[in-house]
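The data blocks that follow each hold one structure.
Next come two complexes built around subunit A: one with subunit B, the other with subunit C.
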Partner chain A sequence: MFVSVRDLKVHFPAEEGLVRAVDGLSFSIERGKTLAIVGESGSGKTAASLAMLGLHGKAARISGEIAIGDAQVVGASESTLRRLRGNRMAMIFQDPLTAMHPYHKVGEQIVEAYRTHRSVTRKAARQRTLDMLARVGMADTQRAFDSYPHQLSGGQRQRVMIAMALCCDPELLIADEPTTALDVTVQAQILDLLKDLQREFGSAIIMITHDLGVVAEVADEVVVMYAGRAVETGTVRDVFYRPSHPYTWGLLESIPRLDHQRDRLTAIPGSPPSLAGLAEGCAFRKRCGHAASVPDGLCASQAPLPTDIAAGHSIRCHLTDTGRAAARSNPRQPSASEVQP
Partner chain B sequence: MLRFLLRRLLFGLLTLWLITLAVFILFFLATPGDPALNFAGEFATADQVAMVRARLGLDQPVYVQYLRYMWALLHFDLGMSFVNQEEVLATIVRRMPATISLALGSVAVWLMIAIPAGIFSARRSGQAADRLITIAALAGMSFPTFVVGTLLFYVLFFQLTNAGFPLFPLGGFVPITRDPLEWLRHMILPWATLAVVGTGTYTRIARGSMLETLNQDYVRTARAKGLGEQRVMYKHALPPAMTPVMTLVGLDLGGLLGGTIITERIWGLNGVGSLAVQAVESGDLPVIMGTVLIAAFFVVVANLCVDILQAVRDPRVRLG
Partner chain C sequence: MNAPSSASQHAAPLLKVEKLSKHFPLSTGLFGGQARSVRAVDGVSFDVAPGETLSLVGESGCGKSTTGRLIARLLDVSSGRVSFQGRDMSHIQGADLRALRRDIQMVFQDPYSSLNPRQTVGDIIGAPFLIQGMTPAEGRQAAVQELMRRVGLNPEHYYCYPREFSGGQRQRISIARALALRPKLIICDEPVSALDVSVQAQVINLLQDLQRDLGLSYLFIAHDLSVVRHISHRVAVMYLGRIVEIAGVGPLYERPLHPYTLALLSSAPDPDPDRAASRKRFVLKGELPSPVNPPDGCLFHTRCPMAQDKCRSEVPALRQVAAGRQSACHYADQVPAIAAG
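And then the complex of A and B:
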């Protein structure tokens, strides 16, 4: 496996207790493949991606293992991390306007990224930048080079960010909600562009998103995160066609669909728990309609461990195979009175 | 950019004009008694008073006096002092070196301390060093200049001199052109007097602004690109973080160049501030007007400079 994350934990000590932003996350990706990390805001997906780049401050306590090829991220020195960042792994962010420096021309920002990792002349770096700008579909590359971020449109800015991220030909690209801030029509263009570039550069991509439409579009593998943990991991077909965790069911139920007549969308009742000092047990149980069918109050007393239910498809849930089948045939959400605050 | 500058320039001129109006109105509304009576002396006869009044132009209606003043002003003529018939502009120019030395020096001193301290503090936010700096800055901010000045005078001049180390002079001003070393020796304590408050304020501002900038997405991007910490700090974070500091320098420098009153008093610097006080005390309208206008002029010019500098730094301002 090219990128491998084992039992990643990102904890922040806080006054109200230890905040477990990421709590035992494991996944792996091969070259040229895309892994989507899906979850609500606060589920730990961005904390996980920042940990992969080693970008958390000193306040964060990070443990576990992150391997990019032969390089280890957790516990690596700052200089090792700097050689990895932007070079072997790069990141694109949700809002390209705020993610680019307002005072610098976008071309210079790419040149800077390139020259940080390649000993080339300014002229060569400039040429590389112009090539990259052309490659991400900027029409007038000279003009784009000399533009400031605020002079470009949202889609153009994200293209520039992608050019900046890919200029050193990274093996891993982390895209943190890269289309959320864009118009719907531009979203599709950006996703297509990322797929094209992935074929060309062969990078592995981690796509962080809350948008299941994006997942269906680009992902090979999916990690569904809830309260800092991967509740379901599998291929995109596993997750969409054989979803097996009650939370994933809830997510899929809440997508509007044109081919099904539905009076209203089903929302998952309640809201995600606070991550500070999470109690024992399954973090999702209070919003889960099936916790009652698990014997011995297991959901409240023990956090479920990842269990393989098929090759490469695992969930964290106490429901047995039969319990799950029964639950799936009777999709029951807890009523509002059952959801504990 | 040009339109932006023109707009700022016009706005500055408008400000200056409004100030002339305000000073005139205030002078004639608020001055008790007849100014001519003051200047003619206690035992002057009615004829003598009338003569003085005519000579100072005070016999004319207020609007005529104002128009005459404005006409002269357009020719850079600030008129003559009522008290000693000296050219106002010449008086102010004569007193500018002390004021400029004090203003530029103290701003330079506090920026040289406050900016590094603010950055240092922001990078260690929440740690002991940051807390210590924050407390020191708050303490500095809350010392009024007259307390700082008096303390410095007592300890560093009086006690030190008594102990046989006359390191600092009693006060007064030596032009830098006459003797740079003596100039420095005379300026250190006045600078310190102003710099205590300034350093405190600017440290707080630099720290807050730096902290905010360090949390910006583009700083995270800079780190994600693999840039070294020094480059992230000084090329990506520092320039935007200096914006509020520069704005404030514009205001403070402008204000200080218009003269400081307490600091000049304590250290016997005959600058524009003490000139203004004397003028107000004696009801010397042309001098009051001149000092107020000079002060306003410096505020307007300093702010204009800051705006230009800001437009040079930030393309969003330039094009906006």
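And then the complex of A and C:
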């Protein structure tokens, strides 16, 4: 495996208690493949991706293992990290306007990024930048080079971000909600572009998103996160066609569909928990319709460990195989409205 | 199922919008040079029947929110006519306008910025009574608590502040406030797009329950095509300030008759990996032209793969192309063939 993450923990000490933003996350990706990390706000997906790049500040307590090829990220020195970033891995952020410097031409920003990692002449860097701008589909590359970020549209800015991220041929690209701020027709263009570039460069992509539609479009492997933990991990077909964690069921049932009208959406009651001082047990149990069918109040007392239910398909849930089958054939009734602040 | 009752389709419309336009002036030249303007909304016509949900969809900058704000009279109408229950209200002022607000209310996208953080929930939901100088028969607090129950909030939280609630609950507060004066029409401007997926479904279900129980009409403004399919009876697609297609929700999604509608639908991510991989994409080139400098002829011709010479010179009118369907494409009849490939 090219990227391997084992038992990653990102904890922040806070007044309200220890915030377990990421709590025991494991996954791996091969070159040329896309892994989607899907979850709601506060599920820890961004905290995990920042840890991969070594971008957390001193306040974060990080443990576990992140291997990119033969390089280790957790515990690496700042100079090692700087070598890894750009050369071996790069990131695309949700909002390119805040990720770019407003007072510098976008072309100069790419040149700077390239020259930070490669000892090349200005002229060569400039040529590389123009090539990359052409590669990501900017029509007039010279004009794009000389533009300031605010002069570009949202879709163009995201193309420039991608050009900047790819200029050093990274082997791993982390894209954090890269299309969330874009309109659907532009989103489709950017997703297609990322797929093309992946085929061309063979990089691994980690796509962080809350949009199950985007996951289905791009992912080979999927990690579903809830409250800092991967509750379900598997191939995209495992997760969409054989979902096995009650939270994944809930997510898939709660989204309206494009192809047909549902009578009524099955909502997941309540809202995601606060991560501060999260108590023992399964973080999803209060919103899960099936905790009562698990004996001994196990869901409240013990956090479920990852269990393989098929090759490459694992979940964190106390339901037994038969319990899960029964739960699946008897879906929870649409539940009462949430009432507590 | 969401099919509009046949009665509502033939009843007199609750809201009738005719050739509605809003032009925002741009800065004029120093010596009063020719004043330019942005035609944010340009000759939009539609109506909404009692108990019906009409959705306005389109990408950012298409004028859908401006249309909503014109109808709520939060913006002044440049030209055209908005009638509510047969009465022209495009230019009413003062007491007449205040009376209109009892019938037309609005729910906004961001449940964080649309609630006053210094007011208690009771004051926020009760504010419409104060503004209108009304005291409900059962007293204000009792009326507010009934509204809170109605939208699934715990009435005991009357004295809580917005910060104590989650995003989904805040949107319930906004909805309760909008319901206070028993309106007939609620303009919902992206009411669920700021919410997490698992919470979105709760709010969508609530809006549908309220419509069923109270006979409300909704003007639903959204960019998420799956949500729109789920909640709407009819859909109007907007592009650069104009309606390009309007039809019942089923026919529009199953057999679009404008290439832009086709492009939107085929760009929307589909949460089904096999279908996503196999479907034929109709991906648009380029991005939305600037509304300051709109193209001649059909506004969509710069991005339309079907564009002919006629499209570059002649503005297509929104015309009846089938029973209950209007399209503003010169070649509307050819769209289904393109969709089929």
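Worth pointing out:
Note that in this section the second predicted complex is superposed on the first by the 330 of 341 C-alpha atoms of A that agree within 3 Å, B and C clash if a C-alpha of one lies under 4 Å from a C-alpha of the other, contacts with A are read in each partner's own complex, and residues count from 1 in each chain.
Keep this in mind: a contact is a pair of C-beta atoms (placed from the backbone, for glycine too) under 8 Å apart; a residue touches a chain by one contact, two chains touch by 3 or more.
Keep in mind it's a predicted model, so treat the numbers as computed, not measured.
Superposition model on subunit A: subunit B and subunit C are shown accommodated side by side without a clash. Of the two partner chains placed by the overlay, only subunit B lies in contact with A:A99; subunit C stays clear of it. By the touch criterion defined above, A:G24 reaches neither subunit B nor subunit C.
After overlaying the two complexes on the shared chain, residue contacts for A:P246 are found with neither subunit B nor subunit C. In the superposition on chain A, contact of A:G289 is made with neither subunit B nor subunit C. Once the two complexes are overlaid on the shared chain, A:R85 sits against subunit B while remaining clear of subunit C.
Legend: residue contacts after superposition of the two complexes on their common chain; A:P178 is shown touching neither subunit B nor subunit C.
Which of subunit B and subunit C touches more residues of subunit A: that partner is C.
Contact with subunit C, but none with subunit B, is seen for A:V236 once the two complexes are overlaid on the shared chain. Between subunit B and subunit C the least C-alpha distance in the superposed model amounts to 9 Å. Within subunit A, no residue touches subunit B in one complex and subunit C in the other. By the touch criterion given at the top, residues 216-218, 220-229, 236, 239-240, 313-316, 319 of subunit B touch subunit A in their complex.
On the side of subunit A, the complex with subunit B involves touching residues 53, 55, 78, 81-87, 90-91, 93, 95, 98-103, 112-113, 116-117, 148, 150-151, 164.
The residues of subunit A lying in touch with subunit C in their complex are 40-41, 153, 155-156, 183-189, 191-192, 210-217, 219, 236-237, 240-241, 250-252, 254-259, 261-269, 271-272, 287, 334, 337-341. Subunit C contributes residues 1-2, 59-60, 151-154, 157, 160, 164-169, 196-202, 204-206, 208, 223, 225-227, 229-231, 249-250, 253, 263-276, 281, 283-284, 287-288, 303 to its touches with subunit A in the complex.
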